[in-house]
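Both of the next two complexes hold subunit A, though its partner changes from subunit B to subunit C.
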Partner chain A sequence: MRIALAGNPNSGKTTMYNVLTGRNEKVGNWAGVTVDKIESPLRKKYSVGSEGVIIVDLPGAYSMSPFTSEESITSDYVRNARPDVIVNIVDSTNLSRSLFFTTQLLEIGIPVVVALNKTDITDKRHNKINTKLLSERLGCPVVSTSADDGKGVDKLARVALNSAGGTQAAPFVGKKATDRASAEKADRERFAFVNKIVSAVETRETKASDLGIQDKIDDILTNKWLGIPIFAVVMFLVFQISQSWLGAWIAEGIVFENGFELYGLVTLIDMLGAWVAGLMEGANPLLTSLIVDGIIGGVGAVVGFLPLVMVMYFLIALLEDLGYMARVAVVLDPVFKRVGLSGRSVIPFVIGTGCAVPGVMACRTIRDERERRATAMLAPFMPCGAKLPVISLFAGAFFGESRWVGVSMYFVGILVILLGAFVVNSVTGYKARKSYFIMELPEYKAPSVSKALISMCQRGWSYIVKAGTVILVCNFAVHLMQSYGWNLRPVENAGDSILATAAFPFAYLFAPVVGVVAWQFAAATITGFIAKENVVGTLAVCFVGLENLINLDELAMLEGTGAEIAGVMAISRVAALAFLVLNLFTPPCFAAIGAMNAEIKSKKWLFGGIALQLGMGYSLGFMVYFFGTLFTGAGFGAAWMPILGWTVVLVFTLTILLLSLKSKRQAAEKADAKATATV
Partner chain B sequence: MTLLNAENGKTYTVKNIETGDAELEAFLFSLGCYSGEKITVVKLRKSGCVVLIKDGRYNIDSALAGAIEIE
Partner chain C sequence: MTDIIAIAVILLVVGAALGYIIWAKKKGRRCIGCPDSKGCSGNCSSCQGNCKTK
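Now for the complex of A and B:
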């Protein structure tokens, strides 16, 4: 038996789904968090003896006529997949809008149960809804619920299970529409029907227009002058707390003034490793190495960065729950409009700071196809959690652990997105239709700490899984490839290894960015396309002597070895910054490219997007090196290096220019043809 | 007049919506924003405005605000 959850965006469907199934799907306080259908079995405690009950969560929709692509998932599902029961989650704070969709669901013929959700808020405002009368008028059961605190959920489950197998009579049947005018007439009648019900069942003590505090907060947060600085401060705090304060304390420990030291996780794992190694003294060295370096070290691999990333996930989850995301979209809408995007693109970018994959997926709520594709190819430019180890390594080794390196990379990321949007815009031509921006402003609510903790642990766990699988395997493969030659025998000099010889041609390509022909950097950049953390691991494995300075398992430097690492890599600080930029702004990982492919749905756009990322990363990296070297007065390496670099930058720029000219000409031709046609 | 000339805190009746985008107008309709319905202006800004349609708050940009005729 399948029970589908349907209703308006941000009415609490996924929160209800999580309570009913015990899952922890992503929730957030804005319209359009869920972009795909998800399903899971109903928890035993709610299924009262019924077996095989599946709960299906659907993206929010305002009506059965879809506006954006994720809304069509909902209307297609309830029409064609014929679930046994539809649980219509109704936002009780906006009854008059929600019931429009309810009356459409009631027409399908599948039994509907209305869950009157968010009753905690209506109760607080002393607004009353007569559920008995509502149920009579609609001709279906109505259950008061509050998914946030689990109130009424068991009753809802019971009523839904009882309704299965029945039929549903519609209290209002819209006339079959043949054209737009008659469709509008039918919809007007539907709203009139809904309005009559609402005025009969609802008594409001607090009108929706009376939410003075909410509006006052909005006045400040979306203020023309203050909005953007406030957003910048909020994001800065997210990074500062996760990377310098709380996150760093958990990872590295704290030494108090009186000398008392609270160990960090990294130290604790090291101590555990040393302890086990002590226990295993005299055992087979291979086995010891496997357990101490492999297994314990493998756990440690994650621990090094996990606290930083998890604290960041936690803070982002709080922001998502608060209702701030919609306001950020509003604040940045005018900025992004200038480059052909809109405020809709902002949410994917902010989510992308955690991980590019959900960031790219969030693009689905963008209605305009061109805008959606452009956002999906630009979201991976935001430095994500996986790029943190790379930033930390270079900031630590070359810039005295200076914070400005990390923070500035985020600002560069935003600038690159704006620049990239401008490029995409001029290459693909401005949109055919006028763009309008409308964003629902959800009510602010106190963010739930427990929900943020759950979200944090879940995303932290997938980080662990990734580190224990993809990254571990890659490091292992890199290790083997640089230890063995093509004859499959161990090599004495890593320069003769499979890895070195395979990466060597690419070393020439990347030489203009780092100023030296070094296969190690080429290999690191290439493995970085699989997953960004690999950059650190591969560098550590490849540079002779670096393995002792970087704890390979923790993907982090040992304390106080920054200068030595810089010495082993033998590149200048400018080159290090350039190499960092190259790696941050080229494609982030295979997973992100997969997500891009799913959302972009066009090979031409996908390859265009990857080419843009490659070209942008390389050009920026080279220019950082070139101009940095120019200012510091250091040497450029061989003369061919800047020549090659500028050639790539020129080809990249010229391609963009040519494509934009072509698109302009096509647009002009189209306009001409149209003019002729009208004449 | 359009929403662009509206006053903060006042409730108006939508007279006409002219966006040239039928899908968008159908979407606005499903929110309860169509001719003959009430719309309250919460806050008017240069870049757009916050409006109250039924019991929901929405931010709309000035392009859309200019396309909604009110009285």
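Now for the complex of A and C:
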């Protein structure tokens, strides 16, 4: 038996799904968190003897006539897969809008049970809904629920199971629309029917038009002038708490005044490495190095950063649940609109700070195809969690642990997105037109610490799994390739290794960015495409002598070794910043490219997106190095380096210009053809 | 003897990691470990063809 959960976005479907199934799928206090169908068995405590009951959570939809791909998943599933029962999750705080979709579901003929959700909020507002009368008017069972605290869920499950196998009569049957005008007329008739029901069943103490405290807070947070500075301060605090305060304390440990030391995670991993090294004292040095540096060092490299990343995820989850992140979309809408995007694009960018893959997947909530594709190719520009170790290492080694490096990279990310959007518009011939961004702002609510903790632990676990699988295998392979030559014998000099000789040709390509021909940087950048954390791990493994200056477990330099690390890497601070920019703004990983492929659904746009990311990352990295070196008065190294760098930048720019001219010419030809046809 | 144990440990750990990666890819997980990638595996079979619509 299949029970489908359907309803408007942000009505609490996934929260209900989690309660019914015991799962912990991502929930958020904004519309469009769920973008795909997910399913799981009903918990035994709710199944009342029924076997094999599957709960299906569907993406939110306002109507059975879909506008977005995730809405079409819902309407297609309900129409074609024909679940046994539909549990329609209705937001009781917005009855009128929710029941529009309900009346459409009732027309399908599958038994519908209405879950009148968020009743805790309606109770707080002293609004009353007559569920008995509502049930009579709709012709289906209505159960009051509050998924947040589990109220009414057992009754809902019981009623849903009892309804299976029955039939469903529709209280309102919409007329079939043949054109837009008739569709609008049918919608108006449906709304009139719904409003009649709402006025009969609902008694509101607070009118929707009354301004409340929430509206006053919104006036400040979404203010035209204050909104962006407030957002900047909030994000700065998030990074400060996660990177400098709480996260750093958990990672590095605390020494109390009485001398008592509370070990941090990094120290514990260090101790594990030392203990294993001690156990392997008599073993072959190559094997010891493989286990201690390759395996323990590789996994520890990511795990050492875990506290920083987890604290950041916890704070972001609190902000999401509070309802603030939805306001950010409103605040940034005017900025993004100028480059052909909208506030809706902000959600993927915010999600992308955690991981680019779900960030790109979140693009499917965007209705406009061009905007959706542009957002999907631009979302990976936001520095994701995997890039944090790279930022932290370079900020620590070359910039005296200055926090401005990390924070500024996120704001540079936003600027690169705006620049990228401008490029996409030029190439596709898009002309900005007046458009309206309509988004439902969720209620502010006290953020749930338990939800934030669950979200944090899920992401933390994913981090550990990634470290124990992909990162481990990569570091192991890098270690092997760096230890052996092509004759499969151990090499004395790492420069003769398989890794060095394979990466050497690429070293020339990256030389204009770092100012030196060093295979180590090329190898780090290339392994970074598998997972960005590999950049730091590969650098630590490849640079002879760096392993003594960088703690492989925490992937940070040992105290006071910043200058030495810079010396071993033999690059300037400007080159370090340029290398950081190169790695942050080139494609994040193959998984993100796969996600782009799935969302963009066009090879032309996909390859265009990858080329844009590669070109943008390389060009920005080179320009940081070139102008930085120019201003600091340092030498450029060999003369061919800036020549090669500028050649790449010019080819990239000329390609964009040529494509822009082509699209303008095509647009002009189309306009001419249209004008001729009209005449 | 220590070398044999070390080789066994390396084979076990790397083998387990590779095994997990292959298992996860077969399951359709796009990004290993990502809690959000299990929602949609990225191949249309997980969406019963609905991914192709629109």
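In this section, the second predicted complex is superposed on the first by the 627 of 679 C-alpha atoms of A that agree within 3 Å, B and C clash if a C-alpha of one lies under 4 Å from a C-alpha of the other, contacts with A are read in each partner's own complex, and residues count from 1 in each chain.
Just so we're on the same page, contacts are C-beta pairs under 8 Å (C-beta built on N, C-alpha and C of every residue); 3 or more make two chains touch, one makes a residue touch a chain.
In this text the structure is predicted, and so the values were computed from the model without any measurement.
Asks: Could you say whether A:A598 touches subunit B, subunit C, both of them, or neither, answering first, second, both or neither?
Replies: In the superposition, A:A598 contacts subunit C only.
Asks: Taking the superposition on A as described, I'd like to know which of subunit B and subunit C A:A169 touches: first, second, both or neither.
Replies: Neither partner.
Asks: Would you sort A:F437 into first (subunit B), second (subunit C), both or neither based on which partner it touches?
Replies: Only subunit B is touched by A:F437; subunit C is not.
Asks: A:I254 contacts which: subunit B (first), subunit C (second), both, neither?
Replies: Neither partner.
Asks: What residues of subunit A sit close enough to touch subunit B in their complex?
Replies: Checking each residue of subunit A against subunit B gives 62-63, 65, 67, 93-97, 100-101, 180, 183-184, 187-188, 191, 208-209, 214-215, 218-219, 222, 224, 326, 330, 333-334, 337, 433-441.
Asks: Can you list the residues on subunit A that touch subunit C in the complex?
Replies: It is residues 25-26, 34-38, 66, 68-69, 72-73, 76-77, 81, 280, 282-284, 287-288, 290-291, 295, 355, 357-358, 361, 458-459, 461-466, 468-470, 472-473, 476, 589, 591-592, 594-595, 598 of subunit A that touch subunit C.
Asks: List the residues on subunit B that touch subunit A in their complex, please.
Replies: Touch list, subunit B to subunit A: 11, 19-24, 26-32, 34, 36-37, 40, 42-43, 45-48, 50, 52-61, 63-64, 67.
Asks: Which of the residues in subunit C come into contact with subunit A in the complex?
Replies: Within the complex, subunit C contacts subunit A at residues 2-3, 6-7, 9-10, 13-14, 17-18, 20-21, 24, 30-37, 39-40, 42, 47-48, 50-51, 53-54.
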